[in-house]
Amino acid sequence: MSIWTNIFILGLVLTDFRLLATSRLATVIQTTVFQAFALSAFMLTMADRPWPPLLIFLALLTLMVKGLVLPWLLRRAMRETGAQREIEPIVGYSASVLVGIVLLGLSFLIFIPLKTSVSQESAFLLPAALFTTLTGLMIIISRKNALTQVVGYLVMENGVYAFGAALAVEEPLLVEMGVLLDVFVAVFVMGITVYQISREFDNIDTDRLSELKD
Amino acid sequence: MIMDLMLASLAVLLFGSAVCVFAGGSGKSASLMGAITSVTGAILAMGAAGTILWTGKESSLHVPWQVPFGSFYIAVDPLSAFFIITISLVCALAAIYGTAYMDIYRGKKNLGAAWCFFNLLFASMLLVVLSRNGILFLIAWEGMSLSSFFLVMFEHEKAEVREAGWVYLIAAHVGQACLMFLFILLGGQNASLDFDKFTTPVGAAAALFILALAGFGAKAGFVPMHVWLPDAHPAAPSHVSAVMSGVMIKTGIYGLVRIVLLIGAPAQWWGWTLLIIGAVSGIMGVLFALAQHDIKRLLAYHSVENIGIICMGLGLWLLGVSINNPVLATLGLMGGLLHVLNHALFKSLLFFGAGSVAHASGTRNMDLLGGLLKRMPQTSLTFAIGAAAICGLPPLNGFISEFLIYLGAFGIVAKAGTLGSPAVGGLIAMASLGLIGGLAAACFAKVFGIVFLGEPRSENSARAHEVPRPMLFAMTTLAALCIIIGLAGPLAIKLVTPVARQLIGDANVSETSAMACGILWKISLAGGVLIIIAGVFWGLRSILLARRVNSTGPTWDCGYLAPNNRMQYTASSFAWPVIGMFQWLVRPKLNVRFTKGLFPQHAEISSHTDDIFRRNLFAPIFKLISELAQRIHRLQEGRNQLYVLYIAITILILLLVKVR
Amino acid sequence: MTILSSIIHLFLTLILSPLLIGIINRTKALFAGRKGQPLLQPYYDLIKLMKKGSVYSTTSTWVFRLGPVMGLSAVMISILIVPSGGVGGLLSFSGDFVFMAYALGLTRFVTVIAAMDTGSPFEGMGASREVQFAIIAEVVLLLGLAVLAIGTHEISLSGIYAGLWTKSISPLGPVSVIVAFAFLTVLLTENARIPVDDPNTHLELTMIHEVMVLDHGGVDLAFIQYGASLKLWLFSALLVGIAIPLRTGLPLVDVIVNIIGILAIAVLVGIIESCMARLKLLHVPQMLVVALSVTVAALLWILR
Amino acid sequence: MLISIVLIPLALGLLALVIHSKGIRRGLLIIGAISHSIMTAVQALQKTHTTAGIWIGLDTTGLLFLSITSALFLAVAIYTVGYLGRDSDRKVMDSVEGFLFRNEPEAVFIACLLLFLSSMSMVCISRDMGLLWVAVEATTLVSAPLISFHSHHRSLEARWKYLLICSVGIAVALLGNYFMAFAGHGKTHLNLDNLITGAASLDQAWLKAAFLMLLVGYGTKMGMAPMHTWLPDAHSESPSMVSALLSGALLNCAFLGIFRAHSVLSAAGLGSFSGELLVFFGMFSMAIAAAFMIRQSDYKRMLAYSSIEHMGIMALGLGIGGLAGTGAMLHAVNHSLTKGMLFLVSGQILFTYGSKKTDDVRNVIKTTPLAGILWLFGFLAITGAPPFSPFLSEITILKGMLQSGRWFVAAGYLVVLGVIFIAMARIVIPMVFGLPEKEKPFDPSHINQREPIWFAGPAMALAAVILVMGLYIPGFVWNFFGKAAAMTGGF
């Protein structure tokens, strides 16, 4: 059980690095599907069997929203806006990976003083979740394509969700579902905005979106 | 009874300001209503204050008021009463003057608003000296600042007026911030900011004093916080300038005195500080005044000078209290306070005069004026009296108050001592007063000589005419008061003795006051004799001339055959030698274009004097802050990525540093 | 007895003051090897002027006419205060010298504005210089008196001068010498004598006092000249009070000694005028600042 | 029923989406606003405070913020109806670059406004950190379309930034919620009463981490520097009434989130930890806002930075606690009403002059006198000049600081306030007074027309309230603020 948890967590970390390293938008979106799978899987692995039905439902819902609906939405937006690749990123891909390693290190560092009785199954869960969150932020910071930034947000949200997943056994599931709904709507609204932007500007290069300043 | 009168006065004023707003924007009715309510309010207030000064008792009114820390707590004690009288007197006369003065703006400007703010200014000044609660005081204080700000902005279409208004508003607010800090510190842990509940936190007396100095000094115009003053006072309509310069800045003095009383026993360095500030303000004020070309600006700088004199008097007071020398304390305080009244009288008289000149000639530039005495005889006469009074010349009122300060200073000097002893304080006061007196005389010789005497230097002054009767009435009254106080010094002392008794609280006050009275009687005698001798000589002269041939002719031209009016000495050239002596302080700029070639076409010379404190102290600070801000503006450079980076960095730092 | 002496002194002052001008002129003439005008010439001048009619500029106003009258009256008031050595003035009170200084200021003020009333550029120029020099001279005077006040612990002029003999300032001490020097400077400045101003110059551009009264004539000029001689007497008396601090206790003797001293001062002024050239106008303030500095030095000395 | 305060605007909003008639739709807006006000008033008048299960409930603090939201929304709704009547469907000329654009559909706009109200009410009444989070996220999502009502590239940019930055922030806040759950060893529900009563058993390190994340997260939404960056863009590009709502109501909601977190930490004995952080970020926000207000060339941005400043003041007051906390609560009211009024006035000025550049606006006092006077008074009020109500709250906060002996914080606070006053005066005074410096062609028909009643009414009502509250705060109201500031969960 613990082994399985660790495997999925490792998978989450590896997908993060893939996200940092890749330039193709399609690949980025695809990677989020893997993340969704990893998330819903270790959510289950952490609970004692037999799994509560509500937990199973939540895992399936997570998989559906994060692994199916949102990627579909994003792919659609990608087609509509015609943005296949990342434009010249602000931080290069290899540099991003290096930063990623530093962030991973920091994530471990941060959790040294934070001890918990929850999820003792894996010492890696919390750092990995935080690392995913930071990866999401890193993607938003370093990429110029507005759609990639939406994906970045999604990744960040995945990281946060991983914390929630660790708690899912005890936390009221209702809120978890609310969270999921909110993420869905957020990405949806952002997708619409990106679509409108591409109509207004003919592309979704965020360099164009830097007119308002002091 | 007393408080009823005061409340009635406030009510009348507020009613007046409300009525004026609705009395029609341009009509005569606004002027009439505004003036009538002002004068009524003034009479009521003076009645109340006069009773208090007469009896020396205190009257108060404490009404709960549902505002945090606030209460409607007002009181009249001799200190307040003295200021109420000063304020009311000047405001009433200014209102009368204003009825005619504002006529030229009829139809062009919203006079209703102007009168509304005038009445508000008057009411808030009264409330400032009445209030005994921090919140009420701050509200009144701000009301005073704001209503005068709107009056300063009266002719807001002029760029320099807007600039002046801005600077004024800033100065007022910086002062207000200090006062907030001050009152709240004094309030301590109390739930109420009533003055009588104030306590000085242990060890905070120095901070409190500095805060009071900064907060009230900004209003009073202590150097270097005076920078707003020479801009703002000339910008307002002249009767408002008179009120601002004559009494509004004195509320700063009032506040300082009041707070020093509340803080508790003064330390010796407070006195020194006030003395030095006073000396610097006095000297710098008069020097800058001397360098001005604009008559109202010049008068505004003279307010800085006179505030300096008052401040020196207060400095001697604190020095006297701290070294337990009641004679020095009493004389300093009485001199300072009496100068508050005297300055209010002659400064408003002079501003009225300057307003009349501007009214009649359309310009305030002295180098364009001249020969107004023949065209405006009565204005000129009153102005001359005001000018002599502000120079402290006997037998006028300015001398009386300055003399009291001198007397205190010499008293402490004659006691001798060592370096660093209060005797040095006395010397500083005395030497500065002497220097200020000489400079002021030079300055007003220039103003009166250039503006009113000689021949007109331009069409403006050639066309000038005497001003309407209400304006003359105000000026004549003030001039008469200047002479009366000058000749009846002992009676003037009676006005401030109750205040001194309240503040110093010592039997010695009566003794010193009686001593001063005795001396002032001799001065009155000398003044009387002076007038009699002058009368005798005038008679002698008339008799001698009556039997001789008396003819007139052109001014002796020293052999030059074609003099014209533009060849007269100008204000700038008159003042230049004096300015030259002090150019290391004042830093005037001379703009010269010499003649060139065999057939020179054009040459010119002009002088210009910026306020060095503004140019070298405040402008660089503002520039520095502004540049720093511009640099910070780059943080908001437009890209989302950067913004998210800020968030990420904040998270990381907080998590790494703060979680332990 | 004292009051009587004071009255006698006042009487003598009013009568004898024009004589000072005569003495100065005579001394100068002596030095120049001329025979010179009669000692009483100033009196003849005054009488002559009194008899004259008037010519007034069309520009001028009542200010011009009032100036000499007020100026003379203010000087006379000041004279009342000045003691003659140990014998007090008729009018004496604490801080009376402030009144005196300011009354003299009044004289200056009315003279200056009367000059400006003519609209003449020359008189404006003179007025400007007059006020310029007076600014420092007044401070020197006040500080000098402060030195004496500290020394004698008195704050009235009569008290100070009465105390000079008995109290701490020794007549030969450095402090009184300094103050005497300062007062001499003030005297020369205030009375428009060489090296500050040359009363006999004939170029208007270089004058100070004389140029201010260019337009005055007749009885007005008489008032002005009489006032000037009184003012000279006044400053001389202040100087003599320090320089010859003889206090016999017999008021009349004191008065007479003092008057002799004043006449001697006139001779001294004559000698100075004969030996020195007029300073460049720009250097006058420097001289006054020197006087100011030494006075401050005296203050520091006495405060120690 | 307490929940109806959320559900009725929600229902009306959804209804507005499907209704075609313009008149009815606008009527719905007014009905929503009025009914919300009535419900709020009813809640306020009830002696006992309502709880409805563990999820929702209305405590004093919640009631305070609910009232602010309700009052401001009412003013805005009236203004909006008039505003839409003026230029809903016509093509509008962009004031900055001069191109024509069309507004977004009015139905969406009104619906979003009502949903916005609904979600903000939800924030106010939620008693659960999770629900609170959901509601705050919802406010972001429904207000995004409001920002780009004037549908052009700048407003789209602003909306994009708003969405992205706030979403990131809210995600961080969610992290904070989870950390708080970790602090409770995964066994405590995030119900506020639970948290506060059981605060002693919470893990302190996790609680600290949780607070940090909630601070950054809700701080982003609240406009706390350095997470404030979306705020000036969104405020300057959205229509004025939306700016008013964002500034006056939305920021408060985020502040409420921080307040809740702070009360949990206080209960756990970590009050000084969270307080210090609030003080630091409060001061920092004020300083940053001050820097950006110096030589600000756009007056709507100026107002936006002023909001950042005031959020800083509120955070500062909350962080110091005690009397300063009471002041912060009072300040929330004062700031919202004043800023709301200022934004409404700015909308009027923008309409008249067709420019957001301060340099193009001169002599407002003559062109549109009411707007000029209100603009000036609003400026004085917002900078804390007596006798307007923000003065009282600022001085209360100052007194709170000095009573807790924080001299240097107090001095810094006053210095920054002074700088801000100077900077704002530099901008406002030339706008209100003076003559136009350069000729700018603007629609002359806009000048000298009477200010419409739908502008004058709400703006003057708000101005009257801040003036009255500056001169009179009855004792029970004052106690109410004190109670609202109490860290006990507010009941």
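Quick notes
Going by the order they are written in, the chains are A, B, C and D; count residues from 1 in each one.
Here, a contact is a pair of C-beta atoms (placed from the backbone, for glycine too) under 8 Å apart; a residue touches a chain by one contact, two chains touch by 3 or more.
What you are looking at is a predicted structure, and each value in this text was computed from that prediction instead of being measured.
The chains that touch both chain B and chain C are none; no such chain exists.
Looking at A-B alongside A-D, one finds more C-beta pairs in contact between the chains of A-D. Inter-chain centre distance (chain C to chain D, centres taken as mean C-alpha positions): 77 Å. Taking the mean of the C-alpha atoms as each chain's centre, chain A and chain B sit 69 Å apart. For the pair chain A and chain D, the distance between mean C-alpha positions equals 31 Å. Chain D has its Cα centroid 44 Å from the Cα centroid of chain B. Residues of chain A in contact with two or more other chains: 113-114, 137, 140, 149, 209-212, 214. Across the assembly, chain B contributes 633, 636, 640, 642, 644, 647, 651, 655, 659-660 as residues in contact with two or more other chains.
In summary, the structure contains touching chain pairs A-B, A-D, B-C, B-D.
Across the complex, chain B is touched by residues 50-61, 63, 65-66, 69-70, 72-74, 76-77, 80, 91, 93-96, 98-99, 101-103, 105-106, 108-109, 112-113, 115-125, 127-129, 131-132, 134-136, 138-139, 141-143, 146, 149-150, 152-155, 204, 214-215, 218-220, 223, 285, 299-300, 302-304 of chain C. For chain D in complex with chain B, the residues that touch the partner chain are 160-161, 164-165, 168-169, 172, 205, 208-209, 212-213, 215-216, 220, 226-227, 229-230, 232, 273, 277, 288, 290-292, 294-295, 330, 365, 380, 383, 385-387, 391-392, 395-396, 398-399, 402-403, 410-411, 414, 417-419, 421-423, 425-426, 429-430, 433-435, 471-475, 478. By the touch criterion given at the top, residues 90, 106, 109-110, 113-114, 134, 137-138, 140-144, 149, 206-207, 209-214 of chain A touch chain B in their complex. Against chain D, the residues of chain A that register as touching in their complex are 113-119, 133, 136-137, 140, 146, 149-150, 153, 156-157, 160, 163-164, 166-167, 169-172, 175, 178-179, 182, 185-186, 189-190, 193-194, 196-197, 200-201, 209-212, 214. Of all the residues in chain B, the ones that touch chain D in their complex are 65-69, 135, 138-139, 141-143, 146, 153, 156-157, 159, 162, 165-166, 169-170, 173-174, 176-177, 180-181, 184-185, 187-189, 625-626, 628-630, 632-633, 635-636, 640, 642-644, 646-647, 650-651, 654-655, 658-660.
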